[in-house]
Amino acid sequence: MNAYIKEKLELFQERNQNRGRLLVSCPDKPGIVAAISQFLFSHDANIIESSQYSTNPEGGTFFLRIEFECPSLLEKAKEMESEFAELADRFSMEWSFIHVYQVKKLAIFVSQQLHCLRELLWEWQSGDLIADIALVISNHEEARDVVEGLDIPFYCIPANKDIRKQVEEKQLQLLKEYDIDVIVLARYMQILTPEFVASNPNKIINIHHSFLPAFVGARPYERAYGRGVKLIGATSHYVTNDLDEGPIIEQDIARVDHRDNVERLKKIGASIERSVLARAVKWHIEDRIIVHQNKTIVF
Amino acid sequence: MNAYIKEKLELFQERNQNRGRLLVSCPDKPGIVAAISQFLFSHDANIIESSQYSTNPEGGTFFLRIEFECPSLLEKAKEMESEFAELADRFSMEWSFIHVYQVKKLAIFVSQQLHCLRELLWEWQSGDLIADIALVISNHEEARDVVEGLDIPFYCIPANKDIRKQVEEKQLQLLKEYDIDVIVLARYMQILTPEFVASNPNKIINIHHSFLPAFVGARPYERAYGRGVKLIGATSHYVTNDLDEGPIIEQDIARVDHRDNVERLKKIGASIERSVLARAVKWHIEDRIIVHQNKTIVF
Amino acid sequence: MNAYIKEKLELFQERNQNRGRLLVSCPDKPGIVAAISQFLFSHDANIIESSQYSTNPEGGTFFLRIEFECPSLLEKAKEMESEFAELADRFSMEWSFIHVYQVKKLAIFVSQQLHCLRELLWEWQSGDLIADIALVISNHEEARDVVEGLDIPFYCIPANKDIRKQVEEKQLQLLKEYDIDVIVLARYMQILTPEFVASNPNKIINIHHSFLPAFVGARPYERAYGRGVKLIGATSHYVTNDLDEGPIIEQDIARVDHRDNVERLKKIGASIERSVLARAVKWHIEDRIIVHQNKTIVF
Amino acid sequence: MNAYIKEKLELFQERNQNRGRLLVSCPDKPGIVAAISQFLFSHDANIIESSQYSTNPEGGTFFLRIEFECPSLLEKAKEMESEFAELADRFSMEWSFIHVYQVKKLAIFVSQQLHCLRELLWEWQSGDLIADIALVISNHEEARDVVEGLDIPFYCIPANKDIRKQVEEKQLQLLKEYDIDVIVLARYMQILTPEFVASNPNKIINIHHSFLPAFVGARPYERAYGRGVKLIGATSHYVTNDLDEGPIIEQDIARVDHRDNVERLKKIGASIERSVLARAVKWHIEDRIIVHQNKTIVF
């Protein structure tokens, strides 16, 4: 990591020593918010942001995201977490207690088209994407210069469907070595095996170049052109073993018309892909997303 | 037709006695615009608006829409049209010579959901949709009051798939009787037979409640909810014999999120359906649409 | 009120007997959410929706909107309200305790342009605007038919700046008689006196036909045309004694280009005005808006 | 210029040897299109794209942009141009005859905020902005690395209002030396003198960080925050001697809410500034803009 960005991250960490987040899913019933806010109050924590949603107040599932500021969190985090575990048990919660101080570690996978990678690196350099981009993995060489120019390790692992297993072994080895939290497929044009996906549940974020569920699969811009649509789009989603069927995080579209040929659709689409993927990654990093039954709640 | 709207239409006709339109498709080659503009100039016509597009200047198809003002068009239209026919022959054109004075006759088909019908009637009353809405046909009674309240003939023809033939015979009889130019399916929830469609090529405009090609067929809002999309949409298209596969005229979308249940999606979607269908109908009425190989050029 | 809408409102009331809302503003400090959620829990209330915002967790102002479901609220509301008053005192809160069962009473003011009025009536008829539209007041006759056609009382009070006092006296008399909660200026083209405004703080919602602060005052479309803007807009805001300077509730825009003359700008703009005002009125009615220092927090 | 981009430009030139453009403004009357299309046809030119607009067919001003493909244009351009001059005289045209082969030379002015510069360089590298970015001038050093990294000459000329004359002399000297066609102010935070502006009419493109005419002048994001707007925007315009009052080329907006502080408004706004300026520069470079009475026609 280069010195300039390192300094930014350290400043962020310094400012967020006392900042925590709680993510909760559980069966809905009265008293959940009362219990959690009482817990936070008892630790002198001040709620900064709070969002909640219930699929149905009568017997549905309740979701909560709270961001709070708590004096001496750095020292108390462990203790608070184990205290919260008891409360969580009482309400049968799935939950995470997140210390914002711990910046997430990202691996970016990319092939030959660099626009999504560039956007992420840009946002990262300008301090809008607060993460530790630990490495970039590609099956091609195109991205090497821009990545290494920012002092980020770059690994070129050529890939094709015959050597998928060996390739993924190397990749998993690297992910482990760098202790990666999130994998971003920034136009990585290889299919992942079920084993690779299974070992990273809700941790792999993809960008697909259509407004799903339209144009699942290959060559969506060519097919959009063929169908004569008046809108094209892009979709960012978590990767599951059903191709392009994972939980959708974000989508956006742009207007096109009869004059736009496939080449122009790709250019227009590239700009949507950039912003949609960047938003999805930021929301993930800020712990704003809860996955529930192949859908996302985005707080 | 009630007196107020009748007066508006008459005023429109008076103002457009000299207004004409040319729609042209032909193999592209040099000299087309020169020939047509020379033709118009020789008749003292002034070009008001002109749009053109070529799929490929080398051997592609050329499309043109010209709107012009020509002194004494009411008297000269026939003669000009036959003169243009010769020019058109030379370039192997498909073409229409349209006298704006002749207001198009619309039939609106509707079932029980009235929002699209209401929007069209609203735009019509406020003078934004210049057409003769000659009749409304429905398989239910819900629309009767609003339609008859505007002095538009309303025909209720109950329908189901067992009596499709008889129903369509009655409908075709009415379309003939009222000399209809355009059929607008404003959420008409019956499937049309291939014969009905074939007898009205590029004349039936439908609104489908999804951003096609996503969610072709029934219950698109329910399926959009199930898939967890972050955008919902609507599509207006010409009806062909492939369900929801006809040439797309216009599409639009709205942003939704995890809080929006199916009922809310329908409400949000209704507002998109309204505006998308209204735009498509207006463009058709203003002769802005050329259909080419299951796509539309919209000028 | 006609029978159909009356039935809808009664159904809404029946369904919302146990539904309440709390709106709170107070100096931010730890423990507010804990106290309120504990209060609700102690009354067996289940939180349905909760939104909060703080201008600054250190010494700023805290805002909260909670919607909850509470068994037997109809019987307990009074008692709960006075119990909450004590809690509110402790935190120096400004607050409202709202029983959703009590539908808000609206007066709509309109002049000769009816598109905003029509939109509100449409949303009201289709059940999207849950309110008691108690009367419509106009300085002209244009709106009478559409208003009385829906069995809503219509009062024509001709107005001009010389008789402003007398006109407003009549209006205030009617507002009192009908026990009005909200006044919607749906393109009412008369300026209100400071006295009228002062007697209805944050209760008068206006639609201005520009994206404020551009084109404050008269003839915004003409001035937008003169300036050659590429976007036009509309703004809904609470009325204060500074013309078009009150707290902005909602804004939206549409794209225009060099071909759009003033008449077309007005048509395009009308459609934005309709939707912007409708959203603002709905948010007000659902108690989603808190005014703070000439700005709005919209939850 | 680096080798990669040089190669792209040469490829573009090779492909566009026969590509020309005509831009015309003149008093409207019948026969203009006929004359021009006859002229092009007589030179075997094929019209690729044609757009026209008239402020008023009766005595208004007529505007036309035609893009055409003409065999051997490289050899015939001079001769055609002088032949067109006679035709132009007959209709009292203001006109340009443009050979697309001749790529425009750009100077970019920038201060310390680099996002607009970066966007232009990005589009340039990816082949979406076909121009010769001949030099970058700044009053600060921040941009040096990114500019020189692309082998573009970078000149740092410190500036302040006391030395404006001397600074502009140096700048004008450079513009002359590099034979510059267009000056792009990509967040250049110095005011230009009337002399500088006068010597480059309709050649200086600025990006202003508000949706003009709202928030003319300094600190627009701070003022947008203060006013509590729900939309922020950016405007690209030609520079005239009235601050932020020049002909608007393009505008766009983004939605914001009460949670967005000034810092967030700036981040959101930066992304609008980037795309709005890039579009404006591209349209200028493709000769799509005609300035008429402090407005733009954008074809």
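Read from first to last, the chains carry the letters A, B, C and D; within each, the first residue is number 1.
Everything below uses one rule, namely that contacts are C-beta pairs under 8 Å (C-beta built on N, C-alpha and C of every residue); 3 or more make two chains touch, one makes a residue touch a chain.
Chain-to-protein mapping (UniProt): A, B, C, D = Formyltetrahydrofolate deformylase.
Computed from a predicted structure; not experimentally measured.
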### Task
Pick out whichever of the two, A-B or A-C, is joined by more C-beta pairs in contact.
A-B
### Task
Can you spot which option in B-C, A-D or A-C is basically B-D again, with over half of the contact pairs the same by residue number?
A-C
### Query
What is the chain whose Cα centre is as far as it gets from that of chain C?
D
### Message
Need the CA-centroid distance for the pair chain A / chain C, whole Å please.
### Response
38
### Task
Express in whole angstrom the distance between the two chain centres, defined as the mean CA positions of chain A and chain B.
43
### Task
Would you pick out the residues of chain B that each touch at least 2 other chains?
none
### Query
Where on chain B does chain D make contact in their complex?
28-31, 33-34, 37-38, 40-41, 44-52, 54, 57, 69
### Task
Provide the residue numbers of chain B that touch chain A in the complex, in ascending order.
53, 211-215, 227-231, 233, 247-253, 257-259, 294-298
### Query
Where on chain B is chain C touching in the complex?
115, 118, 122, 126, 128, 267, 271, 275
